[in-house]
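Shared chain: subunit A. Partners: subunit B in the first complex, subunit C in the second.
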Partner chain A sequence: MKRLLVVLGAVCLIVLLLGAMHDLAPASVELHAAVAANLTASGVEHPVTAVLLNFRGYDTLLEIAVLLLALIVILAIGREEASNAEATVDVRLLVSPVLQTLAKLATPLMIMVAFYLLWAGSFRPGGAFQAGAVLAAAAVLLHLAELLPSWQSPGARLRLGLAGGFLIFLAVGAGSLMQGALLEYPLEQAGALILLIESGLTISLGLILAGLFLLLSRDDGETS
Partner chain B sequence: MTAGLLFASVGVILFALGVAGVLLLEHLLRRILAFNIMGSGTFLVLVGLAQRNGIADPVPQAMVLTGIVVAVAATALALALARRLYVLTGKLELSQDDEA
Partner chain C sequence: MMVWLILLPLLWASLAFMLGPSRGVWPAIAGLVAQLWLAFALAAEIVGSGAAMHAVGGWGAPLGIDLVADGLSAAMLLLTQCIALPLAVYAHAYFKRDDPARNYFWPLVGFLLAGLNALFLSADLFNIYVTLELLGLAAVGLVAAGGGAQQIAAALRYLFATLVGSGAYLLGVALIYGTYGTVSTVTLVSLIGADAPDLVWIAGGLMVLGLMLKTALFPFHFWLPPAHGGAPAPVSALLSAVVVKASFYLILRLWVGPFSSLTVVASLVVWFPALLGTLAVFWGSYQAIRAERLKMLIAYSTVAQLGYLFLIFPLLASAGALQAGIMQVFAHGLAKAAMFAAAGTLIKATGQEMVAGLAGVAERLPVTLFAFGLAGITLMGLPPSAGFLAKWQLIELALSQQQWVIAFVVLVGGLLAAVYVFSVLRQAFLLAPADSVVTPVSRTLEWTAFVLAAASVLLGLRGVELMQLVGVT
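And then the complex of A and B:
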């Protein structure tokens, strides 16, 4: 009965939303025109990067704060007690030497791709998020190939790396607040400031995303 | 129907699928996955509707990029909480009784 009701409701939702979208009037504000008109003042040449780090920089600032918060909560939840060790089954595959060699070969390439994506973000699709995701993927790959142990408890250097991107962003934001408005960069330094923020974001995002995986897997790592 | 509108329509269908999944599925892992499908549908609607006249709009694209990263963090947090629940209760389902 509940299943039927939910399915019916979902179908009604689809029909309603599709109908509403079909009748939708054209947008009253041409945002892409506004972005294109101000692109030269943003310090970067790619519109998405300009929106992310200049026009709506506070979105990105809050985003990295949310990521950091998620990681802190995962740290706060704590680890599983050893008493429950018999309930967890080790489902990891046997690590073959092929996987290990491939991971060793791929990791330098992935780091290079991450830096390319970071650099390319100023004039073509790319940027800190994509670069951070590639860095995190490299860390996860190394962990799955058992070349990188899972994190037990982050030390001082790791904590600095995790929070560094947010702190750099916050410092730039505070600096621009004293000059005028929050995250409103001076015209001639905008490009350099954006690159500085993006570099910090790349490292921190990579570490945070990798940490989300490596901190959660720390309990499995001990059984073997 | 333009390509943007098609994206948005697929997004609506994904969103409704996700809603049904969140309501119907008992297993927490499936529920988290359904929630992610809801999120993906929303992103498709945002990006698709913004470019329904054929011109890509960078503002919703940037917001969706932000949203994707936040969704990853939220998923990781949800998985951590689900694992904690499993450790504490041995179940991956929420209890049904309301007074608990």
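And then the complex of A and C:
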């Protein structure tokens, strides 16, 4: 009965939305034109990167905070004392050597791809988010091949790596705020500043995304 | 100046994270002192020279994001910082050295406050969504941190509620962007006023309903009592006092801003929030009277007190309704923070959490009980408290427009609040059973709660300044 009501509500909403979208006039504000007109002043050549890091860079700053926060929430919920001692069952033998060799071969390639994506972001699709995701995928692959242990409570260096990218971004924001407006880059340095921010973000996002996986899998020691 | 209110908490939150588990209290308190000063300076500037604007990146809407501080946002910023600083001092004394909830408390609180401050300043619908995410995730983390299975279950329920709420809001934003091609609230006011296709009505409905879920307005309050009642006391205080008010602020903003032309066309729609608010006042008070656990009583009282906020919607057309609503936000915020803080002290001292076990605390913890009583005065709406001022103004407005029902709800709600506040006080003044043990607690815990409670009462004497601030546009 409850499920039926939910389905009925969802169907009604879909019908309403489709009906209302049917007679929709074109939007009155054309943002594509504004983005294209200001692209030369943004410091990068690709419109997506320009929107993410310059026009709406403040959104991105807060998004990075959300990702870092997600990791902190996982750390805050975790019970570190339960997972440490007894979970060290040796499962190394279960993983095939083929997988391990392939993972060892793929990892350097993935790191290279990540840095290519970071560099390509300024003139074609790419950028820190994609590069960080590839880095994180490499870490997850190494973990699944049993070459990288799951993470316990992160140490000082790892915490610096996790928060470093966000702090660089924040520092650029604070610096630009003292000069004028938040995240308003001087025209000549815009490209360099965006590259600096994106480089820091690539490392930190890679670590954060990998951490979301490697921290959550820390209690699975016995079951795998 | 206003941007530092967002950057400072982000900075001390990430510093606290880098320093390591359970570290970072001093950067946090230093940051909070600076934020409090900034909030006062911003309010003074706005009263002097009108609303302030900051174009992030120097682009300006619609290409970039604008931050706008008018009287309403400055007042909310002021309330948030005023409550956060005493609660931070309280939390420092509250958590024991080995309490797992303390490990990541400071980073989580920092991100929570950054989300709140960013939300109050933003004039961009999508940017507001990002701040809602920051806020919701930090709040869920604070509820869950270091807790047992029950606390994590409450946090998970809270997470689902807040995600569904944000999801509905985001769908609304997407529809608005599809219709007008912009998400700037300032630009949208005239665009929606000029032409509002059906899609905008659906978008508005989704956004307001999603935010009502996040505000825990009856009947969407199901997640609030377990989450607020189960969290550690400083967290309950912060969540009940300011976090639920953030989504209320947003409903109010949208209602008098972009969607103001819609509410003129469909004039009956103003009674929808008022009806739910009325039900919330009665249902929340009834549950608070029946509650056996002290923190559940206070959490249900939050459900009831949030109801008053929604009674102002039918009156918004006349001057002063906004001020009455914000006065109630301040009164409840300060009083509820004080009440949860006092309850945390009482529970710590008596070692149990039932109302029935409070006998004898009046002579052992007089300051804490006095704080609880003062906060109760504000919730009941007795003079000279801020709660009295808010209710007085609400009743006056309701009577001047012949809305007898609203005046009646406000009066009865005050009486019901008296019932549950006195049920606690009566128990506390009973003689202690011979075998009861009251462990001594830190003075800091007692006096921070007292400061908050006294502020909620004394604000009534300085209400004119606050109302003047809220009026600045």
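Keep this in mind: the second predicted complex is superposed on the first by the 206 of 224 C-alpha atoms of A that agree within 3 Å, B and C clash if a C-alpha of one lies under 4 Å from a C-alpha of the other, contacts with A are read in each partner's own complex, and residues count from 1 in each chain.
As a convention for this text, contacts are C-beta pairs under 8 Å (C-beta built on N, C-alpha and C of every residue); 3 or more make two chains touch, one makes a residue touch a chain.
Here the structure is a predicted model, which means the values were calculated and not measured.
K.L.:
Between subunit B and subunit C, whom does A:Val35 touch in the aligned arrangement: first, second, both, or neither?
P.N.:
Both partners, subunit B and subunit C.
K.L.:
Per the contact definition in the header, classify A:Leu205: touching subunit B only (first), subunit C only (second), both, or neither.
P.N.:
Only subunit B is touched by A:Leu205; subunit C is not.
K.L.:
Taking the superposition as given, does A:Leu109 touch the first partner, subunit B, the second, subunit C, both, or neither?
P.N.:
Neither partner.
K.L.:
Which partner chains sit in contact with A:Ala181 here, subunit B, subunit C, both or neither? Use first/second/both/neither.
P.N.:
Touch status of A:Ala181: second partner only.
K.L.:
Just subunit B (first), just subunit C (second), both, or neither: which does A:Val48 touch?
P.N.:
After superposing on A, A:Val48 lies in contact with subunit B but is clear of subunit C.
K.L.:
Between subunit B and subunit C, whom does A:Ala163 touch in the aligned arrangement: first, second, both, or neither?
P.N.:
second
K.L.:
With the two complexes superposed on chain A, say which partner A:Arg3 touches: subunit B (first), subunit C (second), both, or neither.
P.N.:
first
K.L.:
Based on the superposed arrangement, let me know which partner A:Leu17 touches: subunit B (first), subunit C (second), both, or neither?
P.N.:
both
K.L.:
Counting only touches as set out at the top, which of subunit B and subunit C does A:Arg56 meet: first, second, both, neither?
P.N.:
Both: A:Arg56 reaches subunit B and subunit C.
K.L.:
Following superposition on chain A, which residues of subunit A contact subunit B and also contact subunit C?
P.N.:
The overlap between the subunit B and subunit C interfaces on subunit A comprises residues 17, 21, 24, 27, 31, 35, 55-56, 59, 63, 66, 69-70, 73, 77.
K.L.:
Taking the touch rule as given, give the residues of subunit C at its contact with subunit A in the complex, in rising order.
P.N.:
3-4, 7, 10-11, 14, 17-18, 20-21, 54-59, 62-65, 100-101, 103-104, 107-108, 111, 114, 118, 126-127, 130-131, 133-134, 137-138, 140-141, 144-146, 152, 155, 175, 177-182, 187, 191, 197-199, 201-202
K.L.:
Where on subunit A is subunit B touching in the complex?
P.N.:
These residues of subunit A touch subunit B: 2-3, 6-7, 9-11, 13-14, 17-18, 21-22, 24, 26-27, 31-32, 35, 47-48, 50-52, 55-56, 59-60, 63, 66-67, 69-71, 73-74, 77, 80-81, 84, 87, 129, 205, 208-209, 212-213, 216.
K.L.:
So in the complex, which bits of subunit A are touching subunit C?
P.N.:
Listed in rising order, the residues are 16-17, 19-21, 23-25, 27-31, 34-35, 38, 54-59, 62-63, 65-66, 68-70, 72-73, 75-77, 79, 153, 156, 159-160, 162-163, 166-167, 170, 173-174, 177, 180-185.
K.L.:
Name, in rising order, each residue of subunit B that touches subunit A in their complex.
P.N.:
5, 8-9, 12-13, 15-17, 19-20, 23-24, 45, 49-50, 52-53, 55-63, 65-66, 68-70, 72-74, 76-77, 79-81, 83-84, 87, 90
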